[in-house]
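Listed below are the structures to be examined.
One chain, chain A, appears in both complexes that follow, with chain B as partner in the first and chain C in the second.
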Partner chain A sequence: MDDARIAKRGLSPRLWLAGGWLLLALLAAIFAPLVAPQDPLAQDLMLERLPPFWLDGAEPGYWLGTDSLGRDLLSRLIFGGRIAFIVAFAAAIAACLVGSTLGLIAGYFGGWADRTISRIVDIWMAFPPVLFAILLVAVLGTGLSSVILAIAIIDWTRFCRVIRAEAMGQSRMDYVENARIAGYGRVGIMLREVLPNVVPSIVALLSLEMGIAVIVEAILSFVNLSISTDDPTWGGIIAEGRLSIHQAWWVLVFPLITLILTVLSFSQFGEALKARFDPVLR
Partner chain B sequence: MNACLDINNLSAVLANGQRVLRSVSLAVQPGEVRALVGESGAGKTMIGKAVLGVLPSSVRVVEGDMRLEGEDLGKLQPKARRTLIGARTALIPQDPLTALNPSRRIGPQMTDRLVRILGWSGDKADKRVRQLLDEVQIRDPDRVLKSYPHELSGGMRQRVLIAAAFAAEPRLIVADEPTTALDVTVQKQILLLIAELQREHGTAILFVTHDLGVVAKISQKVSVLYAGKVVEEAETAALFAAPQHPYTRALMAATPRYTDPLASLKPVDETVLAGLAAEIAMADQAWRRPHG
Partner chain C sequence: MLLQRFLIRLMTMLITLFGVAVVVFVVIRVAPGDPIAMMLPPGATDDDIARLRALYGLDKTIVQQFFIWLSGVVRGDFGTSISLRQDVLGLVFNRLPATLELAIVALVMAVLLGGTMAILGARERGTAVEAGIDIASGAALSIPDFLWGLVLILLFGVLVPIFDISGRVSPQLDLPFVTQFYFFESLLRLRFDLTWDLLKHMLMPAVALALPLAAIISQLLKQSLKEVLDLDYVVLARVKGFSETQVILREALKNAALPTLTLVGVQFTFLIGGTVIVERLFSYEGLGNMAIDAVINRDLPLIQGIVLVFALLFVLINLAVDMMYALLNPKLRHG
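Showing the complex of A and B:
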């Protein structure tokens, strides 16, 4: 049994690939000033639209080429990762805390608590999310904290819905009834008996939400509603790349690949973690 | 002396007004094993849940009272009632898999209750739990306490639950078909184990089953339930020697016997059921009149 389990753990390429990419991107973002080959803001008109390293006319040190202002693309992607990860972690954790707590309460306690919370969720979900985000940022003003806040305000419902359903299923289980018979209070049962069983789903959703936050931030940057400073963002680079697609396709393609890899990795990593957190599947 | 459990004239209805318990009266003396038999849907589990204070929200008690060692449960504040039930009763459930929390280890699931509800020290609780695991013949308590429920077999899980039920020295245990979900080969062991622990600890048990063979082995008295109504109550020996109620006789005839398995495999007689339905309709009418 133990051997089989160890073998199973070793054989999770999904976890390793997704986790590997995320770790690489995260470390690069954290140590951006050390690992970025160039200054991401340095413009040099002599170096504009250099192609990536395997094409003719590439310059050493500018691995993925440069944009139309001669800024190094790889360095901009690495620095852009900083904002992407800050938004991903902060927004997803905030949405998770609010959504999971309310979902747990609605699902376990039921009754009027459930009716109230579910009604709020329904109203919330009636807004198209991207429009909602743009609207919120327009109201809150651009800036890092507004973006984080906007994503959390929009996406807590994702956690709330799933965790509510799971907690509701849990609350009907025999061990919850046993805990009632034993004399535990409702809040104690919610935390001790129900919560541990929904943690795997919370973890998976949290990781998925990080990926979603990265996309939303990119969309907001793309429409120029995110961080209004000169700091590079993935969405901002994509927006610039779109303008010069015919002269320098790489300025569009590389940030798109980075974005897609990151988002996919977050969702895959979450699923793999969920399987690992589940004591029955483990 | 107070009865351990005294249910008096208990009636309960569903939201749609359908009655699930019909003026049930039943007393369990300290240290007594009382069997509760009846076919599926008769309301056996409902009675157990009513006693333990975990009736589904769709079921409402409309008359009668329940006393646990003389304390009227209906007169207590909810919190006091929970504490009393928690300290004096325990459940041995039907399905040992769903009765244990899949994401918590066995050890804390067993000791938590002693520590948090009864206020024991962690050491004392741990000793007690190990002693009980020994009594239910679990020879490797270290491994079991560290395991998750799904790592144990069904029989082992039921042993764990029996140990947990007896650990807090309750006065009354409700055992709701504790062997039906188990493999036939372990059913007998588990039954013997419950009987043995019951004798040693002197715990009263309300033993829910639809198996008359089990009734004969374990109980001193029997209540026969049909459609939420106690149709016969007797000493076990007397019931088997001379069942009074036609339904009881029919139930016995329907129970397979090893001596003549084919002859005994006939369903409960239709005329008996028709008679019972009429009897119950009359009882319901009599009940509705004073209640509007």
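Showing the complex of A and C:
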């Protein structure tokens, strides 16, 4: 019996764990000036490469230790979360709007609109995405808006491909035909009948894309092409950690754990949401 | 039928490549910042700048520049790298083998690992083993290659330092190679000491690239296998007294592999795309690492050349997979 109920019960803890971590990280980022124990930019060469709190030589107040310039790692991670979440939300929403719109048009209208859009997607898919992102940021100039724009320019195809296929399937269904016989216009049918049925996929993709955007931002700041080097970013901290890996492993370990938890949470959250929305599974 | 399909695919492939060339060219030409100004010493006069601009063809209109560049590309002339002052095609061909070796080793690892997990999961379906495999492949899939690379650096470069975490080969070694395919050539020359050194450098970046793909193969192939295992001919094989492993390997795998094959083709291009950052992470001297340097140095001809070569590789892989699919799929073969 009830596979669906078992599936749903199985999903709940995932949803709570993933959502819990994201909420915690988001709140810490929003209230960073209140939560962070130290100034994330304050350098103190007397405090360089302090280990995390459970090891010998740790200083109280520097819970996760310090980097090679004596900056507090925990505070840098908390402030780095601000950039990560801004990029995640802005870039994913921008990519979603562009990609879903084009996917919906291509899938529902078909014909030359579909051929044109699909050809552009093919061209986009022939670019190595990371190289494309690095190239775009180099061209647009470093900075928050460039990073967001670059990710949106590259990743809209993820939405476009999936939504196109779904819209194509939906437009062959009886209810769409009925709506047409009832005299609704094509754009009206697309927005009122087809769109609501592809929303679950859009929501799941959106959550997944936020995780991807966090990674791309980390990669860009890892190669020093994200925002200005003064502001702490997760990728920037990782780049420092990679350099001082034999002297201070914690500078790499903690941002890595943070990134993995965030990416896993976004993807799990997306899947759980999709299962909730999916009428078949529900 | 097959030929027609091939020709249509070839045409779309050329259109895609032309599109890529246009996009790259436009993106780079709208870039602020003058690459010529960066090449010259601070005391250069306007005349010097103008002369150098003319030398690189930068004084013509953007459309003229595009077609001059494109006609060169078609003839195999990708221009001269601004930062390295060498022929772009030569630079690219010098680095491409390193990237291809890495990608192929990663692909083989992904197929072996993913295939083993799929077969094991299908044989032990409905047990804790299958559940474990599902969790492992779920995690491997959700974490991207960049993060796997960092995890591996920490585990096997620092915690248990058994592998090298940077470079392609130990610098003090004497290399007898005539090609840039060091790894494959070391195998052919039976120089297994060099193979081992290369492998020690290559293993971690390859695993980082392989894990997400292995997870996808494991999930999809397991699903296909489970579907096939309920079919009559498989049941018949079981009745004949074959063990479950024999049934999977001899009967089911053949028919379950086709959907996976198509997916592996597309995913292989993603894997090659991943080499860009993974090579950077491990200071591996491949094409991707050079590409990042080229972007940072604003070396326009080199970036164009590298992106085009990547794009060519991607469409060729897709073409090959499409043709392989058509050849192997009986419905298409006789359709």
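Just so we're on the same page, the second predicted complex is superposed on the first by the 268 of 282 C-alpha atoms of A that agree within 3 Å, B and C clash if a C-alpha of one lies under 4 Å from a C-alpha of the other, contacts with A are read in each partner's own complex, and residues count from 1 in each chain.
Convention: contacts are C-beta pairs under 8 Å (C-beta built on N, C-alpha and C of every residue); 3 or more make two chains touch, one makes a residue touch a chain.
All values derive from a computational prediction rather than experimental measurement.
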Based on the superposed arrangement, let me know which partner A:Leu131 touches: chain B (first), chain C (second), both, or neither?
-> second
Does the superposition put A:Val139 against chain B (first), chain C (second), both, or neither?
-> second
Chain touching more of chain A, residue-wise (chain B, chain C) | C
Quick one: classify A:Leu97 as touching chain B (first), chain C (second), both or neither.
-> neither
Touching A:Met173, do we find chain B (first), chain C (second), both, or neither?
-> first
Does chain B (first) or chain C (second) touch A:Ile219, or do both, or does neither?
-> second
Of the two partner chains, chain B (first) and chain C (second), which one does A:Gly183 touch, if any: first, second, both, or neither?
-> first
Where chain B and chain C land on the same part of chain A: residues none
Interfacial residue positions of chain A with respect to chain C in the complex | 119-120, 122-123, 125-132, 134-136, 138-139, 141, 211-212, 215, 218-219, 222-225, 238, 242, 245-246, 249, 252-253, 256, 259-260, 263-264, 267-268
Chain A partner contacts - residues on chain B that touch it in the complex = 52-54, 82-83, 85-87, 89-91, 93, 95, 98-104, 112-113, 116-117, 148, 150-151
Complex contact set, residues of chain A against chain B | 1, 173-175, 177-178, 180-184, 188, 192-193, 196-197, 199, 278-280
Interfacial residue positions of chain C with respect to chain A in the complex | 12, 15-17, 19-20, 23-24, 27-28, 30-32, 139, 142-144, 146-147, 150-151, 153-154, 157-158, 165, 269, 272-274, 276-277, 280-281, 288, 291-292, 295-296, 298, 303, 306-307, 310-311, 314-315
